[in-house]
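Just passing along the structure, written as structure tokens.
Each chain carries a letter (A, B, C and D) given by its place in the written order, and its residues are counted from 1.
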Amino acid sequence: MKAGIVGANGYGGVELVRLLHHHPMVTLDLLVSHSTQGHKITDQYPHLHNILELPLEKLSLNEITDRVDVLFFATPSGVTKEIAPPFVKAGLPCIDLSGDFRLKEGHSYEQWYKKSPAEPEFLDQAVYGLPEIFRERIKDKTFVANPGCYPTAALLGIIPLIKEGIAETTGQIIIDGKTGVSGAGRKLVQGSLFSEINENTKAYNLGSHQHTPEIEQVLTDLHGKDIKVSFNAHLVPMTRGILCTIYAPLKERLADADLVQLYKEAYQDEYFVRIRPEKTWPGTKEVYGTNYCDIGVKVDERTNMVIVVSVIDNLVKGAAGQAIQNMNLLNHWDERTGLDTIPVYP
Amino acid sequence: MKAGIVGANGYGGVELVRLLHHHPMVTLDLLVSHSTQGHKITDQYPHLHNILELPLEKLSLNEITDRVDVLFFATPSGVTKEIAPPFVKAGLPCIDLSGDFRLKEGHSYEQWYKKSPAEPEFLDQAVYGLPEIFRERIKDKTFVANPGCYPTAALLGIIPLIKEGIAETTGQIIIDGKTGVSGAGRKLVQGSLFSEINENTKAYNLGSHQHTPEIEQVLTDLHGKDIKVSFNAHLVPMTRGILCTIYAPLKERLADADLVQLYKEAYQDEYFVRIRPEKTWPGTKEVYGTNYCDIGVKVDERTNMVIVVSVIDNLVKGAAGQAIQNMNLLNHWDERTGLDTIPVYP
Amino acid sequence: MKAGIVGANGYGGVELVRLLHHHPMVTLDLLVSHSTQGHKITDQYPHLHNILELPLEKLSLNEITDRVDVLFFATPSGVTKEIAPPFVKAGLPCIDLSGDFRLKEGHSYEQWYKKSPAEPEFLDQAVYGLPEIFRERIKDKTFVANPGCYPTAALLGIIPLIKEGIAETTGQIIIDGKTGVSGAGRKLVQGSLFSEINENTKAYNLGSHQHTPEIEQVLTDLHGKDIKVSFNAHLVPMTRGILCTIYAPLKERLADADLVQLYKEAYQDEYFVRIRPEKTWPGTKEVYGTNYCDIGVKVDERTNMVIVVSVIDNLVKGAAGQAIQNMNLLNHWDERTGLDTIPVYP
Amino acid sequence: MKAGIVGANGYGGVELVRLLHHHPMVTLDLLVSHSTQGHKITDQYPHLHNILELPLEKLSLNEITDRVDVLFFATPSGVTKEIAPPFVKAGLPCIDLSGDFRLKEGHSYEQWYKKSPAEPEFLDQAVYGLPEIFRERIKDKTFVANPGCYPTAALLGIIPLIKEGIAETTGQIIIDGKTGVSGAGRKLVQGSLFSEINENTKAYNLGSHQHTPEIEQVLTDLHGKDIKVSFNAHLVPMTRGILCTIYAPLKERLADADLVQLYKEAYQDEYFVRIRPEKTWPGTKEVYGTNYCDIGVKVDERTNMVIVVSVIDNLVKGAAGQAIQNMNLLNHWDERTGLDTIPVYP
């Protein structure tokens, strides 16, 4: 099967390159980049030297549908909604890593992204690609809205609480997110400079991060009733990795061991979700470069709260890896295909 | 005035060296170290070469009370309680940077520190040295329990909420702390190795961090009623800096501008507390190497919560700098003496 | 084929685990660790959770020769020479990642390692495992001394100069090495603490690094006459990666383009050596996690010197990856087997 | 005395702000910035909040000569030569941190900087401000060309070798420089992004760095005969700090102890140059935030070479600190005034 990547020049795009190159069922055949068209990918990323000397091409509907069997959009939010629809319409399986097709309600997109939403027809067609939760919905579709990085870590951490009905759900779920800088992409912004980030931890977009409605939409969908969360993001001085610390009031007392057991059962069939033993919690480095989501939990008995720590590599399970997991699912391949690697540690 | 440091060989001790060297009213005259006695401080810390070639001496009651006018204990928790009392009894002004004399209730110390507590007589004598809040209590004492690093950031962030009665105080205050690695000191532990910390963010001591009762003790003292907090710590890949993100439910609706104003008024006379304008929050690098505590706030209207972001340099306002601020206070000097420097940025 | 690792608990050992797990021809079946025997590898390395739950066992000659077909020694220098010989004698294919069997002359080992050397019989049996240079010698042996990290980068950088006779060889070759901290292993030493390494670059072992005679031995072997180098090492604040900058006086004038061409030809059949285009030089991140050695060159016309920049991942091409390349060679498999991955970037 | 800074918005400018604020003889009164004129400095640098709320103003000859007594140019190379001359002509003491007035030969500037040089009249007037070497020349001047960061570290490291005539000077001096990223300034370039720099060490501008002729000019001046060096630069993942490793062939054999002694004597009256004991070499962190240049030396007897390791903080001794040292010298103040602080460690 032949795959193409639109937006191959960004960090999400080049991570797709890395993972697709190792995928036994796929040949990477087409790289599209608006900004660096005409160059070779190795001009932008010398680490690919001798391995993948593909040109960066321009976007062309007819040619692309002829050349590839699946197309990944690693383009920024606000861009995919403009360029993906013709490919979707043409029936080409498309997986979008941007935020453009995740929110079902256009007005919500408008409010949080400060941009006009995609056409409702395509919002309807797009399935939210969190395989551990929505496997059945995804597998027969051809257009996937790949989840955001924070929502992936947050949702996999929260959902067992909601499904099992053990946490209060009335506006008291707090998600304190910490991310590495690669999530901001390769854009030239002052806040991404090494000298600004190194030896620095800072909060950003408090109360207004665009991943908030995405998290709420999924939780509300699963719960049947409105769920609100307070999601707040922080930047820490590392390249890869997201850690979400989730706080929720417990409905009734629960022992640590039971909480761990509950999570183990919730994810017993999930290869990519690993639950840590009691009183241990994962670090982001323990999933570095892989599609794992590692989770540790804790009951804070004094305040009757549950604390969940969930980590992913933002570029893999939070972006390119999960996109490939979705591709595997669309093709009824084993979801682990091309993704069963060991984290790079240390 | 002559000053001595017990435990000069740790990171807290050597930060006291740095700051005291610049203090116009004090001469640093005595360095004590149990583990490296007989060496010079420059053998341990070559950055002091040619600047401070003092020997590391052993602890000797009679000699020390003769030689210095103020004594800092930068020794680990569990150690100060064994060695400080004779100096306190002898009437020498003592400032302890460990956790041994902060908790007024011995059983609480025992529960959280897993060690037997200090003698009640000395617990009674020790005043909790958070100058912005307890200035009046401190200034006539001679024995100061210098606050912990996390409690300093957390308390300065929370107290205005409690004092003004705008947050719910019934078990729903959450403090999500992020710290650099220098807080763990120069001890040889696997978790402090560069290769383990770099590109890694992890949670630790969830629900069981020994700084929890210290925060609660102060809040309860100020509020008059029991306050419980859920304090949870994270390690991020940087050397210095603590950022606490504090979440508390609001009693009633409040605008961002009013919340900022409330904080500005609460700290209008405090040189070392700086309140950020609306919709901006500080990064740890913005207080690097200084005694500042920078605070930014946010009302999350959707969940009716207040979010407070509070940053300090854990080795300065969280340890050595605040100890010197306390020394200034004991001596009725301007609290800023020796501490009015600009953060090292970038 | 079944593989075992002695010293599985160090960074070199755990990198072997990562790479062998992905190797299509090998099953990892045995982990030996002296210091942590009785634990599971996942107790030491939670990133392996659910992937490889093997126990750490003790060393037992009879059992091991029965259970595995190849044995890797990722033990420290000074240890392998004590424990490997019985396995070598028993005819089990052994690959040693330590420095114990690299130097052919016992007195040289003694001088540089400050330890007594291995038995001459085993020094004779061990072949120096730099496949790009000694492929023919290696492929029929069963005992491989895997090259050091610095020597790998330095030798692949220097050898074309020597082979082509374009550099002066009389005591004027300088190698300025820069390494990440993982090369120092997981040992608890003050100099490996995050707070000591971060924001720090320092020189160490100037003129006395034990990798010096290893480099000279190979160059002298290839050149036929004595070659001396001045090799000097530096520690930079990163986990993985080595960059060697090599300076050598040119015999006669040479253009940049010709020098690049000379290197391209020298390595035209080598998959793992990639030569950069004129006026570009590799960064260590461009080989992160992989077995590549990337090289860029430059003629400094003003001083008539050649400058070679050579980078590797010290844990892969500088240790575990090259060991697997040697295993492939011993078994007459394609050398790339299990190693043809793309660097993790960024 | 009142001071002004042109280019206050860059890292060199804001480091001048930090250091001048602590200077007892100077009031910082004027900040000029072309790019951010009209803003306050705290909009650009929130770490200055409440400390220095000065506006960023535009450049105006008449007003400035009235308002300040000394003017620092922290503007980029190519800019100072266009804007400084009128101030120099007006007799205002000016200290330029750019490279525009360091090279005495216009054609050399043109060759290495690829720009047209400054007017010869102003090149003649500018004195090269390396106080340890040219104190006597500097103290009666009013226009100082502050040395580059690499040249400061390199020259202080090399000069004793040249002055004492112990190294060969015929084209065989090699300087291998390693720098943190802050030297590249706050400009938005891809190569300064955190995700590109972190876990990366790379070479740049091999054989063509514009600091080469600056080093050669000074050495030739002192030696009386032409000296050529091969200077080559590397970027390491840290914010501050430069380490130069210098290699030079010895004329005759020399013991380590004698070499250390020679350096100690060469700098016995220099407060800011600290020589390390035999077999120890400084790390960049040991001068962090200060004006020190720390030097360690080594004779490599096997190759008859001398190795010198020299470290500075590129923003202090390599820029703003040295500029203030020059200001002190111009005013016949103690050179240490405002600069006698202890490095921030760890």
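Definition applied: contacts are C-beta pairs under 8 Å (C-beta built on N, C-alpha and C of every residue); 3 or more make two chains touch, one makes a residue touch a chain.
A quick map from chain label to UniProt name: A, B, C, D = N-acetyl-gamma-glutamyl-phosphate reductase.
This is a predicted model, so every value here is computed, not measured.
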Shortest contact path, chain B to chain C, counted in steps: 1
Taking each chain's C-alpha mean as its centre, the one farthest from chain D: A
Interchain centroid distance [CA atoms averaged], chain B/chain D, Å: 36
Where chain A and chain D are represented by their mean Cα positions, the distance between them in whole Å: 45
Per-residue multi-chain contacts in chain C, two or more chains: 11, 180, 182, 195-196, 198-199, 237-240, 282, 285, 288, 346
Residues on chain D engaged by chain C in the complex (per definition of touch): 171-172, 174, 176, 178, 180, 195-196, 198-204, 206-207, 212, 228-230, 232, 234-241, 243, 245, 247, 249, 281-285, 288, 296, 298-305, 307, 309, 311, 346
In the complex, chain D residues that touch chain B: 11, 14, 17-18, 21-22, 45-52, 182, 198-199, 239-240, 274, 276, 280, 282, 285-289, 294, 341-346
Footprint of chain C on chain B - complex, ascending: 11, 181-182, 186, 188-190, 192-199, 237-239
